[in-house]
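In this document, chain identifiers A, B, C and D correspond to the written order of the chains, with residue numbering beginning at 1 in each.
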Amino acid sequence: MRKQIYYLLSVAKKKGDASWWVDLFLIALISLNVVAIVLESVEPIRRQYQTLFERFELFSIVIFTLEYVLRLWTANENDKFRQPVIGNIRYAFTPFAVIDLLAILPFFLPFLGVDLRIIRMMRLFRLFRLFKIARYVNALRVIQKVLDDKREELLLSIVFTFFLLLFTSTIMYYVENEAQPDAFASIPETMWWSIATLTTVGYGDIYPLTPLGKLLGGIIAVLGIGLFALPAGILASGFSENLGKEIYQEGACPHCGK
Amino acid sequence: MRKQIYYLLSVAKKKGDASWWVDLFLIALISLNVVAIVLESVEPIRRQYQTLFERFELFSIVIFTLEYVLRLWTANENDKFRQPVIGNIRYAFTPFAVIDLLAILPFFLPFLGVDLRIIRMMRLFRLFRLFKIARYVNALRVIQKVLDDKREELLLSIVFTFFLLLFTSTIMYYVENEAQPDAFASIPETMWWSIATLTTVGYGDIYPLTPLGKLLGGIIAVLGIGLFALPAGILASGFSENLGKEIYQEGACPHCGK
Amino acid sequence: MRKQIYYLLSVAKKKGDASWWVDLFLIALISLNVVAIVLESVEPIRRQYQTLFERFELFSIVIFTLEYVLRLWTANENDKFRQPVIGNIRYAFTPFAVIDLLAILPFFLPFLGVDLRIIRMMRLFRLFRLFKIARYVNALRVIQKVLDDKREELLLSIVFTFFLLLFTSTIMYYVENEAQPDAFASIPETMWWSIATLTTVGYGDIYPLTPLGKLLGGIIAVLGIGLFALPAGILASGFSENLGKEIYQEGACPHCGK
Amino acid sequence: MRKQIYYLLSVAKKKGDASWWVDLFLIALISLNVVAIVLESVEPIRRQYQTLFERFELFSIVIFTLEYVLRLWTANENDKFRQPVIGNIRYAFTPFAVIDLLAILPFFLPFLGVDLRIIRMMRLFRLFRLFKIARYVNALRVIQKVLDDKREELLLSIVFTFFLLLFTSTIMYYVENEAQPDAFASIPETMWWSIATLTTVGYGDIYPLTPLGKLLGGIIAVLGIGLFALPAGILASGFSENLGKEIYQEGACPHCGK
């Protein structure tokens, strides 16, 4: 029976059999949960359908908890987690199992006597239900592949990025702090300017006013933006290569297709 | 006679013959319609030349309706729509025929007893006249080719984009909602912040104020922009490849020209 | 003597001879003119050194007029403009000759009885002195080469860009005009929003406020930015290829350097 | 003994020996200094731990001065600076030695009778301690390599960039100065608009208001952004190539991996 449940819960290989219907039901439930999270955030809708939202939440928690417990119990059916107890514990630390747990955790915290304020923050964890869908959507696993492929380059670029952020923030803090003690109050707060400038978002809530600040800010903008775009560019090219691989034949140059 | 009208309306192959003059007349009329739409939107011009605009609109509608009816009637001359009635109906559902219909539809709705408020919205449909020009401008058909070539990649990227938008909006909504209940009023409204940030437009009408919001907003900006630029980049590279193909020889690598 | 003046004015081939000193003097004068234009724009500096600026302007005009007249007179020494009068007239229409004329024109207009208001606008023409330097800086001629090389692609992209601008502006005008009759007053004025959004500048002086406007504006931003970046990308890649050619050997792939 | 100190201070080749521990200690001290600079900028933290910050600053200065003096003294052990006095002086002008000196300089200036206001500005020099870390982080030396590799292309692009900035600022100054005498007060101040626009940051503190200014500003934005992104793009591609080289085999094309 454990074997049967395991096959029901794992991603179906054939369209139309029982496992496929279970997948479909779970995908529908996850999607409805995401829709519920979005709709519940709209004040008038939340007020009018509060009971409905609460009932749906309770229903979802029951199903997701059942799913989590069953997945944990049947983990031994997978060759990677063959050992009775150790296998189950090891399964509990796989990314998908952690996501499954975090998605239902906020509901059980009050019973564990956790502070109410923390529980409120934990509501954000309902967002993990969004990630449960990754089990069924192949394309989303490309993310993991890219992060693996480009790990070294990404790490180096993040070091650069952090350096650049620290460097530009410190300069602008010393230059602008006297003229704008509120906006450029400290180096960490000046980083908000650095991020807004180097990503070219430029909300306009904070910008240099002194001539020296504008001069240095301008030089930082012109030179820094190219450097800052590096990690983003590496991520983008990584995705683009991996998306390309699924369409072009393997081994072909991603540029000329030969 | 139906054959003659069909050749008059189809894109001319030889400069200077009757069909070429019909093309020229229709292109001129479409261009004048676009100019009229733009000029009519300017209040002082609209007021002064109202009668002229109304007359030109009536004239255009008559010509475009005639064009639509004739194209529909002569569709059978095209080998693809050979069958008498079914061919005409099938032609009516081709993109160009739909555009031709939508471009004249708003004028005829009042006679069908449609609500005046909807008709006002339908005025936007006059914009479809802009697309009528695509029949004559080869370059604009590249759009369709790109959408065909890169369909799979675009679909995957749109899934990513939507995921990213949903994910970042939900985080920022939970973090900023308490401090800014108006700007971050709900997840759908927070998406406006996500779009403005991830596209790096940054109008500055909405941005995080709390330290946690700025921290998470900064991380989202730094990491998300590269991911978000993916669909745009795929579209751009698709166009650039297709534009290149028309200039370089076919089969040559669009990168090194070999 | 005409031959001697021609060689004095043309770009020197050997460092240190008379022609080289003339080049140096003209480059210095052009640079000083640019500095003068910038400094004169600063109110306190303009007021204090007004006489100095006026004298320097007079001196520059005398030299540049002399240079223009001599270049025109000695144009026949160039094989391309060999014919006595026709050669001089043909030279007068070369880009550099036109720039030389426009750079001094505003000074002579009052003597020709031109309206004072137009003369004021013509002061902008002093900017052409900046371009006179292009004769001596090889690198700036790359601009011309790129515009020649990528003419067809640029033309196509400009058609796209204009289409996109017209299309998005018309949509947003119809959607937002009622809610913001000042900012989205007409289609031409809505183009300011389209440009600010599609270039991702986003000053924040104009943005949609209605839910429908935000929805459509968001879709336009996400999809349009990639398309809009096309002409800019073509220009950039054109420059990058041409800059590369001067460093790598000709015929080599600009990507792998082979 | 000088030889021993030289090896202690130079980057360790073997993990765990004495030189490695010295490296670790200096890296830790540099990192703590950066943390201290950041924390000290936060008003409440600075007030509460002022004595601690002052003591740590004194301790750091002592160590860094000792490090600088010892490095200067032992420079002769390096084959490049073999000659007794001339070698030491030549070492003092290497980038790392200059950084080491500038990082401690502000502390010693008061003893040299330098004006207090200048000393305050010199506090910014503490930032050079951040760069001391470059000696130990291999990846940061990529910056130097890129600047060397792409020197010619970068120089050409900086000339372009400056030209573009000067050109667009002068146009917008003449067009907008009358309507906005404060924001577009002079050409140098208009450059702030040019930078904000051409980098697409667009803070929204300064933008054209007149129809002509919006028209020209729009054209500048559409055409200029691609050109302006050139130096940034060259830097980015340079980094990306150099980062790639460390992962792919040398000699392989960074694009197709062959």
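Everything that follows uses one rule, which is that a contact is a pair of C-beta atoms (placed from the backbone, for glycine too) under 8 Å apart; a residue touches a chain by one contact, two chains touch by 3 or more.
Every value quoted in this text rests on a predicted model; they were computed, and no experiment measured them.
Enquirer: Using the contact definition given at the top, which chains are in touch with both subunit B and subunit D?
Expert: Neighbours common to subunit B and subunit D are A, C.
Enquirer: If more than half of the interface residue numbers appear on both sides, call it same; otherwise different. Which is it for subunit C and subunit D?
Expert: different
Enquirer: What whole-number Å value describes the gap between the mean CA coordinates of subunit A and subunit C?
Expert: 46
Enquirer: Using CA atom averages as chain centres, what separation in Å is found between subunit A and subunit B?
Expert: 32
Enquirer: Hey, what residues on subunit A touch two or more of the other chains?
Expert: 196, 200-204, 229, 233-234, 255-256
Enquirer: What's the contact topology between the chains, one of line, ring, star, complete, other?
Expert: Topology of the interface graph: complete, with all chain pairs in contact.
Enquirer: So in the complex, the part of subunit D that touches subunit B is made up of which residues?
Expert: Its residues touching subunit B are 200, 202-204, 255.
Enquirer: Using the touch rule from the top, collect the residues of subunit D that touch subunit C in their complex.
Expert: For subunit D paired with subunit C, touching residues are 152-153, 156-157, 159-160, 163, 166-167, 170-171, 173-175, 177, 185-188, 190, 196-197, 200-204, 207, 214, 218, 221-223, 225-227, 229-230, 233-234, 253-256.
Enquirer: Which subunit C residues qualify as touching subunit D in the complex?
Expert: 34, 37-38, 41-43, 123-124, 127, 130, 137, 139-140, 142, 161, 191-192, 195-196, 199-205, 228-229, 231-236, 239-240, 243-244, 246-247, 255-256, 258
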